[in-house]
Structures are given as C-alpha cells and as structure tokens.
Amino acid sequence: MKLAVFVSDLTLTNDILSRLKKDNLGIILVQNGVYHATNKVDGKTSALLDQAPKIYALSEDIQIRGMKDSDVDSRVKVVDYGGLVDVIFNEFDKLAWF
Amino acid sequence: MGTLTIGCFPGLVGSMAYDFSLKLAEAAVDKGHKVNIWFSGNATGSVKANQKHLKDYSTGEKYIKTLLEKGVEICTCEACTVARGVKKDEGIEGVQWNAMHWYLAKIHGSDRVLQIGGE
Amino acid sequence: MGDVKLSFVVHKPQYKGETSRLAITHAIAYQTVEILLDDGDTVTPTLCFIGEGVLGFDKDQKAMDLYGITSTEAHLKNCLLVDLNVMMCKEDMEKYGISEDVLPDADEMGADMKVQVVPYAEIEKTMEEAQHVLFF
Amino acid sequence: MGTLTIGCFPGLVGSMAYDFSLKLAEAAVDKGHKVNIWFSGNATGSVKANQKHLKDYSTGEKYIKTLLEKGVEICTCEACTVARGVKKDEGIEGVQWNAMHWYLAKIHGSDRVLQIGGE
Amino acid sequence: MKLAVFVSDLTLTNDILSRLKKDNLGIILVQNGVYHATNKVDGKTSALLDQAPKIYALSEDIQIRGMKDSDVDSRVKVVDYGGLVDVIFNEFDKLAWF
Amino acid sequence: MGDVKLSFVVHKPQYKGETSRLAITHAIAYQTVEILLDDGDTVTPTLCFIGEGVLGFDKDQKAMDLYGITSTEAHLKNCLLVDLNVMMCKEDMEKYGISEDVLPDADEMGADMKVQVVPYAEIEKTMEEAQHVLFF
C-alpha cells in the first residue's frame, strides 16, 4: 500500500512509524514535525529522514517559525498546501496522522 | 477530481492541527476536489457562532464560513457539541449537525481520508 | 461501491483523552450508517489497538462510579455485541506485561465475538486490505 | 488552612487533566482550604452554560456549580472565552470573567500553585 | 526546594525530570502516569521510580483503569484526592505539572 | 506580602499549541496586576525556556501573514519592552543547533532588555528562588 504518514512533532512518543514497511511509505512533515528537516539534534540529522523514500515538508509551517524553505535537508521536498493536495491525491492512497 | 474527507478532533488552537485541517480543505477545494469535514471531540467547540477575532487568539468561524461558501460540507458531532453546552441555534449557519455515521458515510464515498486525532 | 473496509488504529492509551474512546464509538456507528448509504453499500471497520493503545482495557473499571462516564470496558463489550472485529497487538500486550486474562468479554450478554490478541503482522494486514486507515 | 490556586488550560476531556483540576479543588475545599481556579486556553470553553450531560461524554457544568457553592472562586480568561464565541450572558452563573492578571493576583496570595498546561 | 512533579503519561517526551535535583523531589503519578507504578515495560520497572525519594500515585486513576491499589510497586504510596491535598500542603512547597 | 517571585518554565515548542504562547502573555500580565493587589505588593515573573521550549523563537516569523495571529517573535519583543527577564537554556539551544544570532531583540523599539542565553544552572536558580514555579 502507498501510505503517507503525517508527523507533527519533533519527539515521537512511540515506535509505530518504524514498524511500517518502508517501500512505498511517505512522510509528510507538518507543524513541529518540520524540525526533523531543519534542525539537527545533538549534531545529528533526524533518523526519520531515512525511514521513507519520499519525504515532504509543509512550507507554511517552516516559514511561520521564521525558517526558510532552503533550511531543509536535501532529502526533503518542500510543498505548499496546494502541492500537498497533489501529493495526497497523486502519490499515495492511504493517509495516517501521528 | 477526487473526494477528500477530513476528520478533525482536536480543539481550536493556534497554528496547530485544527488550523491545518481547514487550510488543507481550502487548498483541496480550490483545486476542484470535493471536501467533507467532520468535527468531533474538542473540535466541536469551534462551531459556536459569534467568535470574536482577536489578534492573539485563534478563531475558526471566519474560516468555516469561507469553506462553506466554497462548497465544503462541514458536520459537527451533535452529542459532542451539546455536551459542551452549544445548541444548534447558537451554531454557525450552514454547518450540519449529525451522528458519527455521517462521517462513515462520507468516508464510504471518498478517495482519500485523513483522520486527525489528538485533543 | 459495495463494502468499504476501514482499519481503525488506536495508538494512544484509552484514558489518554477523548480521542481514543471516540475511536471505539465511531467504529460502532457502522451499524447505523446504512440509513445514509445506497442499498447494498456497507462500511466494515476493524478496530486495532497497538503501542500504548493496548493500555486501559482491564476488566472491572470504575469510570462510571468515579467519573459518571461510560467505561472503556463497557464500550468494548458494545463492540463485541455488534460483531465488530477487535484486535489487540500481541507484541505490545507482552511489552506492557498485560495478560489476556484481564481483557473483558461480553459472553454473559450473548456476544459471539471476542477480543482477538494477534501478532502485529495481522494488524498490518487489516491496514493493507482496508481502503482507508484511520489513526487515533 | 492554606490557599491553593490552580491554573487549568486543557480542554474538557474525559478523565483527564480538566477533571483532575476540579476533583483536586473539591478535595482541597472539603478539607477547609481556600481554592481558586483560573481557566485559560481551551479550558475556557467549559464555562458555557447548559451543557447536556450524556453518559459517554464529559461535562464540566455540574461540577463547576458544585465548586462555586462550596466557595471555590472560578475565573475564566475573558479574551480566550469570547474568541470561542461564548459571551458572558451565555456562561455559567457565578464564574468570574477577567484578564490574566486575576490569576497572578490570586497566585500572590497563595500557599500552593498548580499550573496545568496542555491543550 | 521541596518540589513535587506531577507525571500524567507513561512515555515522557523530554529529559527535564531527570535534570531536577533528587534530594527533596517528589513525584506524583496521576492519569496514565500511574502505569509507571503498576506495569513493567519489557520486563523492567520504570526508571522513574528511582528518581525521587517520595513517590505517590492517585488511587482513583488506578481504579478507573480496572487496576487495584495493591498492583503498585512497593516504593509508591497510594493516596486518594484527600490524601493528595495533604501531600501538597504538608510535604512540598512548589508544584510542577509535566 | 511584598514581592512574589515566580518562575515560568516553558518546555514545549512555541508552536505546539496555545499553552506555550499563553505562558508569555500571562507573564506579561504582571505589569497590570497591581490594580488587584494591595499597595506595595508586586509579582515578578521570570520567563524560562528549556528543552523543546527553546524552539520557535527565530526572527522573521510569518504568523501574522499566514495565520492572522501575533507571532511569538512579537510576543517576545513585548516581554523585553516591559522589562521581563527572559532566559533561554544554553545547553538546549546547543542541542537543537540554534544560534543566538537568530533570537529577536527589541532594540529598535527602545527596549533595554535582551533575551539571555544562560546555562541550565541559572534557570534552576530562578526555580529555587521563586515562591512558585509554573510549568507550561
């Protein structure tokens, strides 16, 4: 299945994301989830960025925090709300919010 | 064009999941998709009419009205809403009031479903 | 469109707040959805509990006595009475040291169904077979 | 006997921090302490009058009235409340409406303060 | 200072509790925090129980979950709401909710 | 009772929800509290950000443009304008790789105060010296 998981926090409180099959998985970073793409923690980039072949981050949630779209890790594609709608309809068939 | 149904459960708070739901709904409807929104839990408090828009606080009313005008169907869980003391005639006009099966029925006809939990 | 299968996945403990209990009541609502659907259309949810979601299902809960609200135990019994598939992740039950014995059943109320404790792989299968997944 | 002031920010949800605040307040006042409660954020939605008590849903109104009768002072953040569309004449009688400095002033005269955050 | 920290979740999302000085610290387990006292995770009792000399758990929050006061770890004192009020006024002078 | 010192400790990111921003507005309210107090009585909050609480303070936030609400940046400037002590935990700033340079100031508005980046030990001291601590 093509599943997209929305991540809205920096600290994940459970291991459920890591149980999901990686092949067709997508991760969509929203709200405080965008810090996975912009900030290293203790000098390391977030392990989350290795857990799915497709990773997106929401532009508005980067900019509202005073950061720039260019601050994100190269593995992450930045989309606005319109782009996110296309991702939802064209790239995946199931959605999960963490 | 497809149909997206969003279940929104968290309460009305600044820059968070509630706002996200409404903004995603608007972006989808602007692209020609059909969108349904189901409010349950604390999110149902947001269907109260006459929310005062202060710069320091989030409000949902203006946004809800815009979405209704654009053809988004919005329904609040009646039980959750009256449990919070909000009666139908105190609610925002155009928002539907129904039971949980409204949400399941909309899901039945949807291409994509995004259930957003949290308080 | 016929039947639409849904996988409800609850990963927060039952007494975390309202959302995890609303997962149960929303799943139960499948039994009345036909009034809003065309003839022959149905919705079939499977209710799955994983991670911390397996917490809060012990028998003999005092929610009504102490808070005046329906307990999760009572909700779970209702699920079984309306023939909902309810699955608990075996690995997570073991992780939190929860014995199957503490899970309520609704035998005395005449339910045929029981809560199923299944490996995570089974729950994954419901997610794959479902048309939509709903995380709570 | 002492004075306890509780700041309660989370919304009205079953068996959680909101209920905890009210139950702790009652236990303290029953032991002869003076208790003040400050509602802010989503908790302010709970001062709406006429909440329908359903078995499956939490409500705060009955409890708030009991506490008021026992002499607990309860105040809601006016800005947070009107942002949610609830006007003073729609609120539970006896609940005070004021600005954030009410909370700080009560804290000034308190022996113990419990600030409960969360949404 | 005599600080009592209320813990209301099983999974802690930050390390702040472990930074606090242990000498006069109290931990009060409420809501899902009571699982620290009743359940082992992967066979181990919660590390939280070693982080303060005084630990309490709220009886109602144990019973509402179908567990018994006797299910708690021996290091934890079970109190009801009235007992909790006495703990707050007699044992500590500052309170923090996590 | 004279002055009562308070230590506000914020450990959630600023854009987590309403609570973390309400910590700031509640602290600012200290400047009007005297109308409810006896002569000579005052309240002095210190606003401390630790853990993930140090996140969300970058300059140039677009909250007003994108959400129509006041940004945390604007709130922080207000704190400095009303002479509130604002402390950020140095160790946590380093943990999340946040440079002091990104923190806003209110110099152009005439504020004398600046956000102080201090070791955790300093924040601990405010908690010890305060009569009450308030965690947000």
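Order of writing sets the labels: A, B, C, D, E and F. Residues in every chain begin at 1.
Methods note: a contact is a pair of C-beta atoms (placed from the backbone, for glycine too) under 8 Å apart; a residue touches a chain by one contact, two chains touch by 3 or more.
Predicted, not measured: the structure shown is a model, and the values here were computed from it.
Among the remaining chains, the Cα-based centre furthest from that of chain C is the centre of F.
Among the pairs C-E and B-F, the greater number of C-beta contacts is found at C-E. Chain centres here are Cα averages; for chain A and chain C they lie 28 Å apart. Annotation: 24 Å between the Cα-based centres of chain A and chain B. Chain A and chain E have CA centres that are 35 Å apart.
The residues of chain E that reach two or more other chains are 11, 13-14, 31, 60, 64, 94-97, listed in rising order.
Chain C has residues 15-18, 25, 52, 63, 67, 132, 135 in contact with two or more other chains. Across the assembly, chain D contributes residues 13, 15-16, 41-42, 53, 56-58, 112-113, 115, 117-119 that each touch 2 or more other chains. Chain contacts here follow an irregular pattern that is not a line, a ring, a star or a complete set. Working note: touching chain pairs come out as A-B, A-C, A-E, A-F, B-C, B-D, B-F, C-D, C-E, D-E, D-F, E-F. The touching residues of chain F, counted against chain B in their complex, run 15-18, 21, 25, 63-64, 67-70.
Within the complex, the chain D residues that touch chain C are 13-16, 19, 53, 55-58.
Residue ranges of chain D in contact with chain E, taken from their complex: 2, 4, 15-17, 20, 23-24, 26-28, 30-31, 33, 111-117. Contact residues on chain E toward chain C in their complex (touch as defined above): 10-11, 31-32, 35, 39-43, 60-61, 63-67.
By the touch criterion given at the top, residues 7, 9, 40-42, 99-105, 107-110, 112-113, 115, 117-119 of chain B touch chain C in their complex.
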